[in-house]
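In the two assemblies presented below, chain A is common to both, partnered first by chain B and then by chain C.
Up next, the complex of A and B:
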């Protein structure tokens, strides 16, 4: 018998089976989570179906020590991310052809997307120069975020010296990694500013031009222009100091944006799985995938935008 | 009031008040983006990308409040 067109293009019996499976999962998850146990009391569900109250821990647990350096579970996951990224790009670019096969096309589309982003925001020349670190930040953050979402990866538990701990935990939830990445981004922006503009880059922060020119005007006899120039010159110095402060605040805001999004997402997933295991996890899983991608995009794009501002200073006057 | 109760109250209030500003801000961003698309439907991709970018920046402020809440509950 030919397949009848049901809903969504699959045949009718298949659609009915899918709906029944989803309903069954929904009922089981509502019963076995916290909703069920508060509404119906103890139903005597098997061990593997009941979810215990989650205890999220903020600091990453130490798994073992190499010499005197503690290796945390987030560091192990970061190593896995590095291996995955290196293997992904190495095996795709081994026998590169002019007309790419499927694997090479995936890599080309990823690289093309990031290069397009760089050149859209920073122009042709600087876009190509900034591409290396922007692409590194983007790929590393997104792979870290998505590896922590692999089903079952958080369930591998080892026994350490302090007790039980997960073996793998996404490295974006450890406050040290976003801080390190924010410092790298800060140094990158300052390096490109100094490389392009020379030592004059620091006149953005210590803007004494107007003050000195107006003092010269005073000595030449132009009293009114000189005095108003001194007034505006002092304001310019304060504006420069506030610019310096906001450069340093960028480190903190980068750190907490990435850390807060990832840790908040992890705790949200834990709570949703506790409430209704399979049903509520689905929309929040989708949200977590999207948030991982968006945070990677925001981190790398902000680095790009600040580097662009550093090399092409926005000339207010002139 | 003992310290435990104060901690929980502070965590709730911090996230509660911290979500006012970003909520309104993201709403205004969405309003601007939808109006821009209505004026110029061809630029939909560009406008959407910029809107997502600005929403992530506005959301960061709510995330700072969330971090304060999390620290109050789990660290202090």
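Up next, the complex of A and C:
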């Protein structure tokens, strides 16, 4: 291999020019942003360089109505996500071959990765049954997160009945979406628990076994054993209630984990662009890519873990 | 709730979206891809098994070949030994036969010679006797009874022992 001259793959003059241009953009960005205007006052820079203060709003804006159903911008983005995902997989799986091409290989590695995750956590048998839901959660969340990172996606403004609104907005930042996913996850987990364990599944929440058996003991005359049994029985019932509460709490934690992370990320990027229009936001794009992946992984694997707990009897009863 | 933007209709729509995506992905992604992955795994397993089998067969064949070669070599060795032995035997027998034949011929020749000699002696004797009788007859000029003469001569010859038999 010939030894390369220059720096970063360019010859020295090109590299120097590139560095200078980047520096210039950085300086302009710093001066024109909020930093610059607060430090140096108004420098008379062109108006298009300054970014107005972002006003992030939590509720999604309604774009139009179908009958009485309001269609929000996040819903439109969700449909785009669905179209993107389905198209991606539809064209990749139309004519699959035993010896895969590159495109098929990408699709297979994505599916294989999630399937591997499912089977690692839930075992061979349940892994496949849980796979569809878990994979859909993962793909939906990660695609939503990454679609909302496309530069300029929030810049398309439409005029609606309620004023101006963005046409597209990251679906994960609309609380209805994380909440919907959390409910799906909750129903899914409870469904599998009941389906696998039947009525026994509910003994996790209302464990009266010890209490009734010790009351029987009490009637049979074993006062000491009976009383301590009743004590432990009451503790069991209390634990069951906590279990039930934690099951319900999961919905909230699921919802706000995703919502908070994604909304926080969005606002962070808006603020960075406001502070300095160029360059400064780029590292945060990388960070948000990672966050999107992590949140998708967390949401799907937590669902998987909870489902796995639900199908396995909690404690081997004495 | 209003501040966060939770709306029942949006919530239901998002659940519906999720269900729709689940259905579509199941149809276009999960089912075909998992089928393909399973198919490939089965295929790979099959070919690995086949390879193993072929390897075993080859090993077996190799062993068999080695065995056959060893056997053939042993067999060949045996045949050579046998041939050598037979050759040796044949040689011995031929020698023996030749010797016997020679002995027989020699014996026969000896016998013939003896017989020839006897014949010759007999003939000579007869001739000699006739000659003697004739000579004697001439000398004494009288003819003797032939039979008497012969006896006489024979007697003389016996006594003289000159041309005795054996």
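Keep this in mind: the second predicted complex is superposed on the first by the 297 of 318 C-alpha atoms of A that agree within 3 Å, B and C clash if a C-alpha of one lies under 4 Å from a C-alpha of the other, contacts with A are read in each partner's own complex, and residues count from 1 in each chain.
Everything that follows uses one rule, which is that a residue touches a chain if its C-beta (ideal position, glycine included) is under 8 Å from a C-beta of that chain, and two chains touch if they have at least 3 such contacts.
Only a predicted model underlies this, so the values are computations on that prediction, with no experimental measurement involved.
*Asks:* Look at where chain B and chain C land on chain A after superposing the complexes, then choose clash or fit.
*Replies:* fit
*Asks:* Looking at chain A, which partner touches more of its residues: chain C or chain B?
*Replies:* Of chain B and chain C, more residues of chain A lie in contact with C.
*Asks:* Counting only touches as set out at the top, which of chain B and chain C does A:176 meet: first, second, both, neither?
*Replies:* Once the two structures are laid over each other on A, A:176 reaches chain C alone.
*Asks:* Is A:69 contacted by the first partner chain B, the second partner chain C, both or neither?
*Replies:* second
*Asks:* Examine A:263 and indicate which partner it touches, taking first as chain B and second as chain C; both and neither are also allowed.
*Replies:* The answer is first: A:263 touches chain B but not chain C.
*Asks:* Looking at the overlay, what does A:250 touch: chain B (first), chain C (second), both, or neither?
*Replies:* Neither partner.
*Asks:* Should A:294 be classified as contacting the first partner (chain B), the second (chain C), both, or neither?
*Replies:* First partner only, chain B.
*Asks:* Thinking of the overlay built on chain A, is A:56 touched by chain B (first), by chain C (second), by both, or by neither?
*Replies:* After superposing on A, A:56 lies in contact with chain B but is clear of chain C.
*Asks:* Write the angle, vertex at the C-alpha centre of chain A, between the C-alpha centres of chain B and chain C, to the nearest 10 degrees.
*Replies:* Superposed on A, the angle at chain A reads 110 degrees.
*Asks:* Rounded to a whole Å, what is the shortest Cα gap between chain B and chain C in the overlaid structures?
*Replies:* 5
*Asks:* Please report the chain A residues shared by its interface with chain B and its interface with chain C.
*Replies:* Touching chain B in the first complex and chain C in the second, residues 58 of chain A appear in both lists.
*Asks:* Residue numbers of chain A touching chain B in their complex, please.
*Replies:* 56-58, 253, 256-257, 259-261, 263-264, 267, 294-295, 297-298, 301-302
*Asks:* Any idea which chain C residues touch chain A in the complex?
*Replies:* On the chain C side, the touching residues are 2-7, 9-11, 13-15, 17-18, 20-22, 24-26, 28-30, 32-34, 36-37, 39-40, 43.
*Asks:* Help me check something: in the complex, which residues belonging to chain A touch chain C?
*Replies:* Residues 58-60, 69-70, 72, 74-75, 78-79, 81-82, 85-86, 89-90, 92-93, 96, 98, 100, 107-108, 111-112, 115, 128, 131-133, 135-136, 139-140, 171, 174-177, 179-181, 183-184 of chain A touch chain C in their complex.
*Asks:* Can you check the complex and tell me which residues of chain B touch chain A?
*Replies:* Of all residues in chain B, those touching chain A are 52-53, 56-57, 59-60, 63-64, 66-67, 70-71, 74-75.
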